[in-house]
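Below: the structure, in structure tokens.
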Amino acid sequence: MSLIQVINPNTSLAMTETIAQAARAVAAPGTEILAVSPSQGVPSIEGHFDEAIAAIGVLEQIKHGREQGVSGHVIACFGDPGLLAARELASGPVIGIAEAAMHTATLLATRFSIVTTLPRTLVIARHLLQQYGFTHHCAALHAIDLPVLALEDGSGLAQEKVRQRCIQAKREDGSGAIVLGCGGMATLAASLTQELGLPVIDGVSAAVKMVESLVALGFGTSKHGDLAWPLQKPLSGAFQHLN
Amino acid sequence: MSLIQVINPNTSLAMTETIAQAARAVAAPGTEILAVSPSQGVPSIEGHFDEAIAAIGVLEQIKHGREQGVSGHVIACFGDPGLLAARELASGPVIGIAEAAMHTATLLATRFSIVTTLPRTLVIARHLLQQYGFTHHCAALHAIDLPVLALEDGSGLAQEKVRQRCIQAKREDGSGAIVLGCGGMATLAASLTQELGLPVIDGVSAAVKMVESLVALGFGTSKHGDLAWPLQKPLSGAFQHLN
Amino acid sequence: MSLIQVINPNTSLAMTETIAQAARAVAAPGTEILAVSPSQGVPSIEGHFDEAIAAIGVLEQIKHGREQGVSGHVIACFGDPGLLAARELASGPVIGIAEAAMHTATLLATRFSIVTTLPRTLVIARHLLQQYGFTHHCAALHAIDLPVLALEDGSGLAQEKVRQRCIQAKREDGSGAIVLGCGGMATLAASLTQELGLPVIDGVSAAVKMVESLVALGFGTSKHGDLAWPLQKPLSGAFQHLN
Amino acid sequence: MSLIQVINPNTSLAMTETIAQAARAVAAPGTEILAVSPSQGVPSIEGHFDEAIAAIGVLEQIKHGREQGVSGHVIACFGDPGLLAARELASGPVIGIAEAAMHTATLLATRFSIVTTLPRTLVIARHLLQQYGFTHHCAALHAIDLPVLALEDGSGLAQEKVRQRCIQAKREDGSGAIVLGCGGMATLAASLTQELGLPVIDGVSAAVKMVESLVALGFGTSKHGDLAWPLQKPLSGAFQHLN
Amino acid sequence: MSLIQVINPNTSLAMTETIAQAARAVAAPGTEILAVSPSQGVPSIEGHFDEAIAAIGVLEQIKHGREQGVSGHVIACFGDPGLLAARELASGPVIGIAEAAMHTATLLATRFSIVTTLPRTLVIARHLLQQYGFTHHCAALHAIDLPVLALEDGSGLAQEKVRQRCIQAKREDGSGAIVLGCGGMATLAASLTQELGLPVIDGVSAAVKMVESLVALGFGTSKHGDLAWPLQKPLSGAFQHLN
Amino acid sequence: MSLIQVINPNTSLAMTETIAQAARAVAAPGTEILAVSPSQGVPSIEGHFDEAIAAIGVLEQIKHGREQGVSGHVIACFGDPGLLAARELASGPVIGIAEAAMHTATLLATRFSIVTTLPRTLVIARHLLQQYGFTHHCAALHAIDLPVLALEDGSGLAQEKVRQRCIQAKREDGSGAIVLGCGGMATLAASLTQELGLPVIDGVSAAVKMVESLVALGFGTSKHGDLAWPLQKPLSGAFQHLN
């Protein structure tokens, strides 16, 4: 039995549930999903400030997860907040959902489009594309111009906007795949893939399979070089528990 | 039961066996490995000419595999010969082992080194790094300066040279992971990972897990856009069977 | 007397004739053009699958050409199929027509546009731009959305579409030159250059002049390093004749 | 009177003092330096984990600084932790010292070298080079292989190692300038510039002058687009005070 | 008292005056602006030919300035003509206004737009973006399609076109800052910044502050390496005075 | 009869003779070489300052050449001084010898090395590699650390140093071709190609063949877009004759 920790970096429990559902839908028989979110932080992540705060919650959860003996970790926010810091703190693999979705897209198509929430988050996706090496694999980025939590308001409006934007992206971008740019869109991927007739990729499910795979291959995060354990030093104040 | 076709693009059956062994060692319980190689072609692949010929064998096998109802395909040569052509011909995912190993390395470390066989193949790896987006993630490329088939001569000399080069790469490159640059090195990864204390990555096993994951996620190669089925046209001569 | 082999990588004799005509129109007094096409393969090249098959035909012709004592070779399909493999097999220079046209464009203008046939071939041009180093020199890529063989149907429709697209590209892209993205467009370049008042570049004629130039300079493909002769090894089946 | 807040993102007061000294040494007559460090966090920053924690301290100080009416902010750690998040939270300019030193170097020389502390921090510098656009302007990166706080141990050993590494870098790299890769090296720049006869650049002093300049030009961080104020949302737990 | 030489590389005295005004508006109390222009050359700079001629005027003025004991130099034309040559000839810092404006923009926003005069100058800006490393920081380039001297015709038409283009760029590009792409637009920046509510950056004023800052930091152009003094050699004819 | 103007941008007549000799050695039967150099300027070009001055001489000669009815122009200095300005002033093609040699190298080998004179000129070559798109095609740059005119001192010392450096580059760089980085090395290429067994490329001869080819293809510099004729404006002083 393998335990994979899926971390929603924000504090919105409804979104944790959406993410958990997407993760469990694809988990292998031998995998148990431990969906968590930080007890303190931001209710949604829509900028660099939100990400900086969320990163602390991610690190707390990584530490918890390690204590619980999880095999690996997923950071379920499309900006992959705290990813490299989390890798330092982990022995198992740590995968961000933007990373997972982007890697997956390049395996299925020569170019992909991204559909995300607010325009101000586009720059975060652009920076990740550059860091991961996929700038030239991304044909276009789109924002539906609704906040993250609109995906949890029960009205279905945001979901319909995502759908419309995907249809338009398919028609106009010349892309072979679409990446959904928010953890809150995780449960939309399957039906959109079906309806549009091309891979519409949710990073949560993709990341779960990547962690499973890396664990099966016997790999954890490399502890040789710059992702080695954080150097031991006294953390003070609100950060003491991260020691 | 899921069937994954692992294609050795060269005609050396000993290498097909090495590759099959590495594939089976990591296959999930529900996965059956179908290890194949072309009936005609080149006994080893050590340059662009060899790759061009091997690509035809890969396409033949992709077609066979599809007729046998396989779920996905692995191209088990480090140059990923015929990868995009194979994707046009496939409905399931197709993963090359260089692609698989390089992607995997970036998930475990910020930079990796490559250890391969002949110096003349380094340019192929460099071109793949550029195409996949990983030029800046690769710290160094090394060649042991022995031909591919030295890995199958039973002497263990090539294996020892690979080991020495990996040790040296760990010491000098500042990399957190090492990618093995030949399908014939597939069975060395586990013990080198153990001995060196950092991920030494074989693309065959990594690719098998990627195909399993993509299949589990419900994804095949995108048939929208430039990886759509090859346009129907009369193939003549030795290529008729590829229709 | 210098003999230059111009290889049409597809099996359509009408296109071989178009290409031969464009080549002969610019050949120097001392140059004889040997226009050839493979006896087996694909009638047109519109994707990676077609390219993989065509590459074998190219290699066969390179070998023939060498046996006939040609001075150099042109690969007259805009995807430059088999280019590096052909260079391994050749002692003289080998030039692809995409390569020739793109290089030429950068000598005459700071940025160029490309006009090609089917949208699915755009990715091939993009990959070549990246490989050759010209991504930033290309302002835009356009497809007329007609198959390659529409250029040989005698109706003139495809030719008119090319013309319209070039006019539009001149007006909208801010480019100083236009590259024609198909061997079948070779004979259009001169009149379009005249009509549009900017260089409209056909790769066939450009490649012929490049081969002539390299031969005059005393250069063949470098046999030092990774373009050295293919390593001698037993080729089996349909590939024996390539030995 | 203009007030510039110089934030030491770690909790080592000796380093805050070093940084304050470097800042005051170059401050214009009308500028007052407010050197601060977070009350809680990490004593030194030598990896991504340390950076993630330090970023929170930076944000707290940015908020404080704004409440105190400072004109601009300097983040005085070579990894520029929390830079974009801090910009969202600030109305004045925010400058990181890696950013300041790298920009400055490109104004004085065509290529520069970096000399920093631990090898594991090199990847952080590499990522910043890429993000800021200076990958091709950096000839080489060097680490003295001593921790950050060795610069504060009073022995002078680390300082001497920095000096030696700078001398070696001048001789071997072909660079016209050297960037000091740690806030704790700030007070070394002037004497090394003198001794070596080329610009040895400390980011603290460079950043102070940049903030002064931007303020004099009437510029603050752009509040249009993705660096706009963080969206108002309830922060919980240890982060409430950042609202 | 520090003397900064601001060189208008063209011979239009009205533009020299515009530039001087912008420079003086931001100069620190201790700074005196010496605004100069070459006695011979081109009245405006709108292409590479104009730039080549203007570069000689820049070098003459750099030499004059050095003889007059100036602390540093600004090249006040958006193409930064003769920048690296001027650096060889200078001991103090030399800053181009395109360089200054682009660097400044990246400190205030994640992406910026450029608004310049004639479309034919866009390629110059693109080349500078690439050379300075900011290609990915520039969201879009725009030209008002009026010549440089239209800015000095007193009608205000060009100024209004700049304003309109900036408003449009703000709305459409998703940029956080706008760079004015001509020295003749220098005096527009403050009011546009005010009106548009985002930084509209003039390179003249930005460059003056950069020179002041570098001088205050004790830095001149590096004389180690490839910006060392020009090698002494007999210059002949019209260039003798540059010795 | 076609007339090609080969411009030595420096005033050393011995070097003009070397260049003329290399040009004539490869000129086609119908081509006459007009080797010229400016009447005033610098005796050798070893930095950006020298280049700026030489560019004026190049422009003068371009104008002369056009008046004499030449078909095209070669700029025979490895920094390609004034290339884009010259293109504005020319109707025929203008080719720089660095450009010619680099393009040629990429047609013959996957990677090349450069051997040039003084270390301070390496940055010029690096900038050209970036501008032309060949940064990734260049394996290494080397300088023999002798000034340009050492190639004309009759001792043969510089020539022997070039030879030694080429031999070393072949052994160590893994390159398939070597580019000679100075017009004064033009006559060495043939014997070094012979001795080393790989293409050693002189840009002068390569550029002559490129101009011949472009002329034969009916192409001149594009006059559409940013290389259009310089805008008519009154040039003053020493530049009046360039009108």
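The first chain written gets the first letter, and so on, giving A, B, C, D, E and F; residue counts start at 1 in each chain.
Just so we're on the same page, a residue touches a chain if its C-beta (ideal position, glycine included) is under 8 Å from a C-beta of that chain, and two chains touch if they have at least 3 such contacts.
None of these values were measured; they are calculated from a predicted model.
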If a chain touches chain B and chain D alike, it appears here: A, F
Rotational angle, Cα trace of chain A fitted to chain C, multiple of 5°: 120
Chain whose mean Cα position lies farthest from chain D: C
Centroid distance [mean C-alpha coordinates] between chain D and chain A, Å: 30
Whole-Å gap between the CA centroids of chain C and chain D: 52
Residue numbers of chain D (touch at least two other chains): 84, 110-111, 119, 122-123, 130, 135-136, 174, 225-227
Chain contact topology (line, ring, star, complete or other): other
Full enumeration of touching chain pairs: A-B, A-C, A-D, A-E, B-C, B-D, B-F, C-E, C-F, D-E, D-F, E-F
Residues on chain B engaged by chain F in the complex (per definition of touch): 119, 122-123, 130, 135
Of all residues in chain D, those that touch chain F in their complex: 110-111, 136, 174
Partner chain F, residues of chain E touching it in the complex: 11, 39-44, 46-53, 55-56, 59, 82, 84-85, 87-89, 119-124, 127, 130-131, 147, 225-228, 230-231, 233-239, 242
List of chain B residues in touch with chain A within their complex: 26, 28-29, 84, 93, 95, 99, 103-104, 106-111, 132-137, 170, 174-177, 190, 193, 196-199, 201, 205-206, 209-210, 212-214, 216-227
